[in-house]
Structures are given as C-alpha cells and as structure tokens.
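As structure tokens, here come the structures.
First chain A sits with chain B, and in the next complex the same chain sits with chain C.
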Partner chain A sequence: MRIEGRTALLLLTPALGLMAVLYVVPLAVYLVNGLHAFRDGRIVPVWTLETTRRFFADPFSYRVIWASLRLSFIVTALTLGIGYPLAYALHTRVARPGARVVTGLLLFSPLVVSVVVRTYGWLILLADRGLVNTLLRQAGLIQAPLGLLFNLTGVVVSLTHILLPFAVFPIYSVLSRLDWTLAEAARDLGADWQQVFVRITLPQSMPGVVAASLICFTLSLSAFVTPQLLGGGRVQVLPLDVYNSTVEINWPEGAVAATVLLVLSLAAVWTLGRALRLVSAA
Partner chain B sequence: MALSGGAPVEVRHLLKRFGTTAAVDDVTFTVGGGEFFSLLGPSGCGKTTTLRVIGGFERADAGHVLIDGRPMGQLPPNRRETYMVFQRLALFPHYHVFDNVAFGLRMKRLPEVEVRRRAREALALVRLEGMETRRISELSGGQQQRVALARALVNRPRVLLLDEPLSALDLKLRLQMQEELKRLQRELGTTFIYVTHDQGEAMAMSDRVGVMDAGRLLQVGTPLDIYERPQTPFVAHFIGDANLIQGTVDALEPRTIAVRAGALRIHAHRDGWERLGAPISVCIRPERVWVAAAGDSAGGLRGRIEDRAFVGQAVKYRIDVDGLPLRASVPYRSGTPLFAVGETVAVGWDAGQAVPVPADGGGFEHADVADRRDLRPAGPASA
Partner chain C sequence: MAEARPLIAEARGAGAARTALLRAFLWIGVGFTLLPLAIVIVYSFSSVAYGVFPPPGFSLRWYANLWAQAAFRGAFLRSLTVGVVATAAALAAGLLCALALVRSAFRGREMLRAFLLSPIVMPKIVLGVGWFIFFARLNMQGGLVPLILAHTIIVLPFVVTILAANLVGLDPSLEEAAQDLGASPAVTLWRVVLPQIRGGLLVSGLLAFIVSFDQVESSIFLVRGENNTLPIEMFLYMEKWQDPTIAALSTLLIAFAGALVAIVALAARGTDVRRLLPR
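Then we have the complex of A and B:
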C-alpha cells in the first residue's frame, strides 16, 4: 500500500511531536550545558570548551569510557553466545507449538518484571550468603564465598539475563525465515551437520546476529540501574558518570559525558549497520 | 568428464506415512543402471516423497531402497551416492557460481587443483563457461537451472534424482532444457530418476515411466507402452487425451471383443484377460477416431457435432453419439472439409485401436482425473 505524502506526514505527526517534545528538546537543552563551565559549585553560562577539555584531560574519564565499552563487549558476546544456540534450538528442536509457547514465555518473562525488581533478585542470588555461594559451599566446591556482587561479575550476569531476549528474538526470526532446503542440498552434497551449520546456516543467519549485537551493545552501553545497584561503585560506567555529575549540579560535565555516550552509541549503530549491509549483500 | 557408470536402483514395498495418510503406499520398481526413469503423477501422488526416500531425506516406514544392490537403510543423504536437483534449486545465495559448483568437491576434501579442474569441466558441460564469479541472483532462471545441474553432476553421481527441476521455467526454455538433460544423461550414462507432473516432459525424455496416483504406483512401462496399453482408467486419462467408455463385455471373438455401453455396442482389441459379462472400460485416443459425412457408406456410428475447435495441425470435435460424449481429433491438411456444429456425421475407429482397460474406477474417477488435469500448469502436452 502506498500512502500519499501528506497522509504519511499526518500519520507521523503524533510520534514526531512526542519525540521532539519529550526527547530531542530536553536532550539538546541538557547537552548545551557541555559548552558551559562549572566553577565554585555553580554553572556559569558562558560559551567555552573548558569542560570538554577538562573531561578529556582527566585519566578517570578514559577509565570510565573503557569500562563502559568493556562491559558492553562482554555482555554482547555472552548474550550472543547463549542466545544463538537458544534461538537455534527453539527453531530446530522445539517442534510442538505448545512447547514453543512455553519456551517463548520463559524467555520473555524477564521483560514482564521491572528492571529494579530483577536486579534485586540477582542481589539475593549472588550475595555472599546468597543461593549460589551457599550451594557451592555446601557442595564443597569453594571454601570462602566468591565475590559475585558489587563488581563486574554481578553486573555482567544480571545484564546478560536482562538482554537475552533481545538477542534471541532477532536471531530466531531470521532462522525461521531461512530456506531449509539449502541445508538439505548441502547434506546431499556431502556435508555433515556441523559443516551445514558453519557453511550454510550461520552465514545465512548473520543479519540476525548483527541485529542482536546492535540491540545488546547499545542497551548495555546505556544501562544504568544494573551497574548502579550491583556494581557497588566499582563498575564506573558512563551513565553512572552522567547521573553522578547531574545530582552534583555539575550539568556541564554530565553533558560532556552524555555526549560521549551518545557518540559511542551512534558509532556502534553505524559500524553494525555497515556490517549488516555487508552480510546481507553477500 | 569421466563416465560415472549409472547404478541400478531398486525400490521394494516402500511405505511412507504422514500422520494417518500413506503418502507412498507399497511402491515397488526397479531402475536399470544408466536408465532415464520418470515418476509421473498429479501433485500429492507421492512421487516426490518416493524420490526423497531414495535420496535419504525421508525415512521409510517400511520397505527398502537398494542402490547398486546395497540396501541404503537409514544412511543420511551425505553418505549416499545419489545427488539431487531440487525443485526450487536450493542454490547457495551467499556463494558465487563457482563455489556453488565446487561445494561437493570441497566436502570431499579434494586438492584445490582437482576441485578447480572438475568444477570448470562441469560448468563447461552445462555451457556456463566464464560465469564462475557471477552471483546466483545475477543469473537468469535457465542459468540457475544449469548451475544446479552442474553442482550435482560435478560429483559424478551414479544416480541423479531430479525433483521437477524445470517447473519454474517458461515453455520454450523448458523444451530446450529437456533436450539438454537428455543429452547429458546419454553422455554421462548416469541413472536419472526424474519426478514430474508433466506427462509430455516424462514421455519426451524417459526410457521408462512410472505413473503414480494417491500413493500407489499404477503402471510402469516405456512411454509407448503406457500410451498404447494403459492398465487403469487413471493412466489412460493422465497420459495424453482419452475417450474412456464404460460397459460390459458382450462377446469374445478371436482378435476383438464387443462391449455393450448403454444403447451402443462397440468393438475393441482383445488382450486376453477380458471376461464375458464383466465390466470393462475401452480407451480410444481422439486422434484414432475418424469422422465422415453421414451420407457416406463408411459405416460406423451416427453422431452430432456439439463443438468444434480448429488448432492448426488438427480439428477437434466434441460429438454426441446417442448420449455418449466422444472426442475426435482429425488431422488437418489444406482442403480438409470441416463439419459444422449441429451436423450429423458418421464416426468410428479401427477395433484394433480401441484398448480394453480393466474398469476399476467408474464415473467418479473419470471426473476426478479431469478436475486434476485442469489444475496443472500448461505444459508442452496440454499446450
């Protein structure tokens, strides 16, 4: 169906208006602060690159950027590593429709519960006297509790859990659209099932993998609640930096950090978008 | 390309169920080494399922497949000597032409020099030299067809399975590919098992044809055999055009039989199995029916022209003979007089050209077959 230009504009207006009022304008207002200065506990509304220069001169900034990227890379790798086999199994092994619905519900259940509640759930599981440590100790596998909380491990575990459905869904949808006679043809030509997977299924499902990476990477990069509650101050990532600066009324520094975050996200979108075009063209 | 030497294929009492329906119901046939054998039938008759069992893509519920005398059991497709050309080709879209063709050789881990030589040979065989680095999406339907053939043939299969490989092509290209397939099969000596719903295609290419319907193999024979001696009303209808007249055997003579059909008494060839008083069908091909002006003293039956169609090389009449609809196809040469609709004519046929067919269906089967034939895409035979 083709829609006339004016009708299309009319249909888009509510969404565009909402985006403009609730997102673009506040973001611009906030980010403009990055061009102001913060002196003696006050925002000084002069136009200057002083704050930006200070941010990039501070070694702490680089540690935060690196921590953010590292967290996102680890979580993306883990969600793909767990999510791909899950999507593949869901598509190829779970044949009965009932079983498929149940698996899907289980998979998407984290999305029904608030991030805060889920994060506290992990707090209970991962604490020194929590379920995981207690079980491991009773099994005699460890003497002292493993430090699973208030460090990178806890944040990674919880974020991976939260983002898993975002990895499974795009991969599953690509897998379910694949032409499976290609796999049969490869089998016929002498490939065993591992070779079929490596040479046919995996390359054909790359668009799903790239889409999953894009979603998981950008969501990890901007994750706030999980690093805040489970990081115990030891996982300093950009969103925390933005938050901390803002509550200290240091809007200029928060704005610079937010801009860096935005640029990193856009860079990820651009890179993976290019990757998607490359794998789709092949 | 070296000759691979076609392997004989034996299918014994094959049974395959999907749910409660038998897709393949006790099918038995033998294909000789180097033979071009077709499985012919309407869609849903079980021909593709039979082919997929031979290739190892489906497990039979009962029965055996033997290739070169060896039972295949549950061997997966990658461990059989059969190669398949798929209906929708199933070319790998993320590889270019050469890598598609080389796929099977690389799976065998042949040295790369050998892979290159043989893949080029296979591409030359299907006349696709110089297309090595093209992407699949850049090829025409006919070229894709050739790549699919080369991808299978490069492995020097002893048995090639073809699942309606030409159905996506237009008529002209299809006829051209039919000749090409026949040429390849002759040159390579490979056993071809070819599945199609197009009787013209099966007749034109095959050494022998097996006709299937509703999971059962009804008749196996040379195209001539099947055309001249259909053993069931279904086969008579499915292969070519047929007048099928139901009746009972009225008299047995040394070379012919007389059949009473309603008010008519007609004569047909005697095969020897006919029983006096038993129900029987008589198959008369429209092109064996002659039509003459009623006044001539040629004898035969009286009929009235109901409909006439001039198709170039022939004139097709629909004639009512005492309530019996009869179709006739009269060869046309310049000057042949045409009969008008409504005209009364004399019709008849040589008793030796009317073939007795065991009556197993009756009127229902008659209509059923006609319906299904209408659903088929136009092929060379129906065009």
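Then we have the complex of A and C:
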C-alpha cells in the first residue's frame, strides 16, 4: 500500500515529536551552556566565549582529546585485527550450517549481557592474583604480577572484548554475500592464496571493514563505563571529562567538552561514511 | 538443516595447515569472548571476598548476600518496567515511522532517516547530561517517567532500522488484495502487515529491551538513589566494593538474558530473521 503525503506526515508525527522534544531540545539546552561562563562555583548565564577559550588554552584538554582518540584508534585496530580473521574463519572454514550458526551465536552472545557485567569479568580476570597473572606466573613467564588493571591496558582489553562482536558481524555479513567464483578464477590462473586474499577477497570485503571501523571507533570514543571502572583515573577520556564537569556542577566546561566529543564523533561518522560509499562503489 | 557446503579455502586448493590455523583461531576467539562471562559465574560461587584464582573454596554466601540487599531487587524491577514501557513506546512510534519511510517517497527522506538513526552514534553521556538539565528545568526529577522517555529515544533508532528493513521485503500485492476486498488501512495494517513482520517486531523489541536494560551513562544523572536502575546500582556498587555479590547478580543476569533470547527465538520461529539485516 502506498502512503500519500499527508498520511505519511501523520505517521511520522509521534516519532518526530518525540525526537524534537526529547532529543533536539535537551541537546540544545545542554550545549548552549558552553557559551556561558562559570565563575566562583556558579554558572553565569551571559553569552561569552570565555569557557571555550579557557578549554582550548588548557594543555589538559589536549591530553584528554588525545587520550580519547588514541584509545579509539587502538581499540578499533585490535577489534578489526581480531574480528576479521574470526569472520573469515567462520565463513570459509566452518562447513556445516548448524556449526556456523552456533559459533556465530557464541561470538555475539556477550551483547545480550550488560557492559557492567562484562567489565566486571575483566576486573576479575586481570587482577594481580586473577586468572591471567596466575597462569603467566605458573608458566614461569613473569615473576611479579603485571599491572593489568587501572591503566590503559585493562581498558583496551576490556573494550576490545566488548566491541569485538560489532567488528565480526558486518565483516561476516559482507563475506557471506561475496562472489567466490572470482577467487576461484584467480586460483585457476595460478595465483597463490596470498595474492587471492590481498588482491581479491580483502578489497571485496572492504565495505564490511569500513562499517566495522565506524561502529567500533564511535563506540570507543564515547565509552564511559569501562574507562571509569578499569582506568583507575589514568585513562582520562572525553566522556569522563564531561561526567566529572557535570558532577562538579560546571556545566559550561562540560558542555564545551561534550561539543568536542560530539564533533569528533560526527567527523568520524562523516569520514567513514564517505569511505564506505567509496569502497562500496569500487 | 541445510546441506553442509564445501569449505571455501580461498576457493579450492585448501592448505590443510591454514585451515587448521584458522579453526584454532576461531576457537581462541570464542574462548576470549566467553571467558569474562565464565569467570563471573565461577567467582559467584567463591568462598572468599577477594579476587584470587582459583578460588580457595566454594560457597553460596554471595547469593545469600545478594538476596539480603533489597536495593538490587527494587532496581531490577525498575529496569524491567522502564525497559518494557520504553520498548512498547518505541515499537508503536517506530512502526508508524518505518511505514512512512518505506511506503512513501518525499523530499528529504534520506536526511530524515539519518536524523532518526543519529542517537545511535550520539555519545550517551552527552545525551545523559542533556536530559538531566532538561528534566530539571521541567521539575521532572526522580521517578521512572524521565527514564522511560530517555530510553525511548535511545532504542527508537534500532526499532526503526529493523522494522524498515523488514517492511521493504514485503509483497505489496497482499495488502492491495486486502484493500480491494474492502479492508480499511487500519485493518490492513493490523491483519495483513503486522503478521508478516512478526519476526521484525520480536527481534527489534528484544534488542530495544536489552539496550534499555544496559543504560548507564545516559541515565546516571536521572536517578537519585530511590529510583536507581539495575546497571546503575551495579555500577555504583562496583565503584565502592568488588566482592562477588556482583558476580552472583551477574550470573543471574546472564541466565535472565539467556532465557529472554530463548523465548524470543522460540516465538520468532518460522520467520526469516535474515531478512531483517539492513542492507
């Protein structure tokens, strides 16, 4: 059934109404605080760029921005590096459809469990007397426990685990729609498997890789629970900065940090969205 | 079950060593994925409060301790209520919206779709502070209403994407036939369209509920103790203590999630879930 203009508008009204009142307005009401001042522990509702200027004059701000970007780059690289071979092995090396479904479900299963629970799991695993350190010590590889918690290492490991399904899923979905006759033809013409992979399979699966990067990068950029619980104050990223400013009732400074976070997220979405169109067209 | 297909070993000429290596990597990957959940279950039965592997003994004391904490029970019921109501609201608004997106053509439709999906990439902490200030201005603090409204926005894009993908695959001639036979648009929607997108409704509903059940930073400024949701109650507890009470609770939540997925999978039997993937 085709839907005509006026009916379409009527159908869109509930969703658009909710989005306007509960999404656009709250964001706007918050972010304009960045144009207000914060003096003597109080918000001064004058229009000024002083908060913005102070934010960008403070070296700490650049450290936070850099920490956020670095964490996102590391986690995205790791999820792709682990997720691609997993998706590839799942599609090309598991013959029985039932086994493929079960393995796929196992790989996606953490998604239904809260991030808090998954982060807690890593808190136990990476503790000084936890499984990882105990095994390494028993294997004689280390004498003293490695400090895996309350620093970047713990956050990276846990976040990589949390985001891994978001990398496996889009890559697997692209691989399962690929036309493998091309690879077969290359094979018949004498290409070895490295050549087939680098020149045919990998380029063909790039849409999945880019889609996976987009999800993993933006989600690590805005990750909050993991850096807060496992970072031990040493992983100062933008979402924590926004949180801490809000707790200190310094909404103006929080709003500037929030705007920076928002701009970085949108820049990542825009860049990778363009890349996705490029590799999909190729 | 479908036939097993031959392996795609870079399309024929499989190296047995490469296949073995890739399969081993797959097993390690599955192990890495399940390890944090498995260790939580093991620790929930530990006899001591401190984290040490292997636990020196086993007990049920953390389950007893969990049972004694009424705060977690209340938080669970609140999260359940918020999740169910927000999911229902998002399904209703999302279904109408997806119908309009799929079945009518208008200028700016793709921009509208991008706008509707944008909460997915929006940093949740930014939305969370936004809602905090917004609801404070309206004097709507505490209680479940602000949480329900906020979660509706967070889960709406998931519902719209999945339902739109599901609607695209429908055969319009069925609806035309119903209308030719005198069915009104509302009856056509209820008796012809809805039964065909049962899978989409179930899967998007499940996803929406799970996403709502997992909100921390979007909701942390909307709670004030008396109305803490479960993930926030856990988060705040973990900032202070790290004894296996949380492991016991996590174990119950893993079982809860498993049961939920099993129920929805059973209810969605016979629907083509593969069609729900957005292209």
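Please note the rule applied: the second predicted complex is superposed on the first by the 268 of 282 C-alpha atoms of A that agree within 3 Å, B and C clash if a C-alpha of one lies under 4 Å from a C-alpha of the other, contacts with A are read in each partner's own complex, and residues count from 1 in each chain.
Definition applied: a contact is a pair of C-beta atoms (placed from the backbone, for glycine too) under 8 Å apart; a residue touches a chain by one contact, two chains touch by 3 or more.
Just so it is clear, the model here is predicted, and its values are computed rather than measured.
Aligning the two structures on chain A places chain B and chain C next to each other without any clash. After overlaying the two complexes on the shared chain, residue contacts for A:203 are found with chain B alone; chain C is out of touch.
Once chain A of one complex is fitted onto chain A of the other, the partner contacts of A:86 are limited to chain C, with no touch recorded for chain B. Figure note: vertex chain A, arms to chain B and chain C, all at CA centres after fitting on chain A; angle 80 degrees, rounded to a multiple of 10.
Judged by the touch definition given at the top, the superposed model places A:179 against chain B, while chain C stays out of reach. By the touch criterion defined above, A:187 lies against chain B and chain C together after alignment on the C-alpha atoms of chain A. Counting the residues of chain A that each partner touches, chain B and chain C differ, and the larger count belongs to C. In the superposition on chain A, contact of A:130 is made with chain C only, not with chain B. Of the two partner chains placed by the overlay, neither chain B nor chain C lies in contact with A:48.
Taking every C-alpha atom of chain B against every C-alpha atom of chain C, the smallest gap after superposition is 5 Å.
In the three-chain superposition model, chain A touches both chain B and chain C at residues 181, 184, 186-187.
The touching residues of chain A, counted against chain C in their complex, run 1-5, 7-9, 11-12, 14-16, 18-19, 22-23, 25-27, 29-31, 33, 82, 85-86, 88-98, 103, 106-107, 109-118, 120-125, 127, 129-131, 134, 158, 161, 164-165, 173, 180-181, 183-184, 186-187, 193, 196-197, 201, 218, 221-222, 224-225, 228-229, 238-239, 242-243, 246, 251, 254, 258, 261-262, 265-266, 269.
Of all the residues in chain C, the ones that touch chain A in their complex are 1-13, 15, 18-19, 22-23, 25-26, 29-30, 32-37, 39-40, 43, 50-54, 92-94, 96-97, 99-100, 103-104, 106, 112, 115-116, 119, 121-127, 129-134, 137, 149-150, 152-153, 156, 160, 172, 175-176, 179, 185, 188, 210, 213-214, 216-217, 220-221, 230-231, 234-235, 238-239, 242, 246-247, 250, 253-254, 257-258, 260-261, 277. Against chain A, in their complex, chain B makes its touches with residues 55, 57, 76-78, 82-84, 86, 88, 90-94, 103-104, 107-108, 151-152, 155.
Contact residues of chain A toward chain B in the complex are 179, 181-182, 184-192, 195, 199-200, 203-204, 282.
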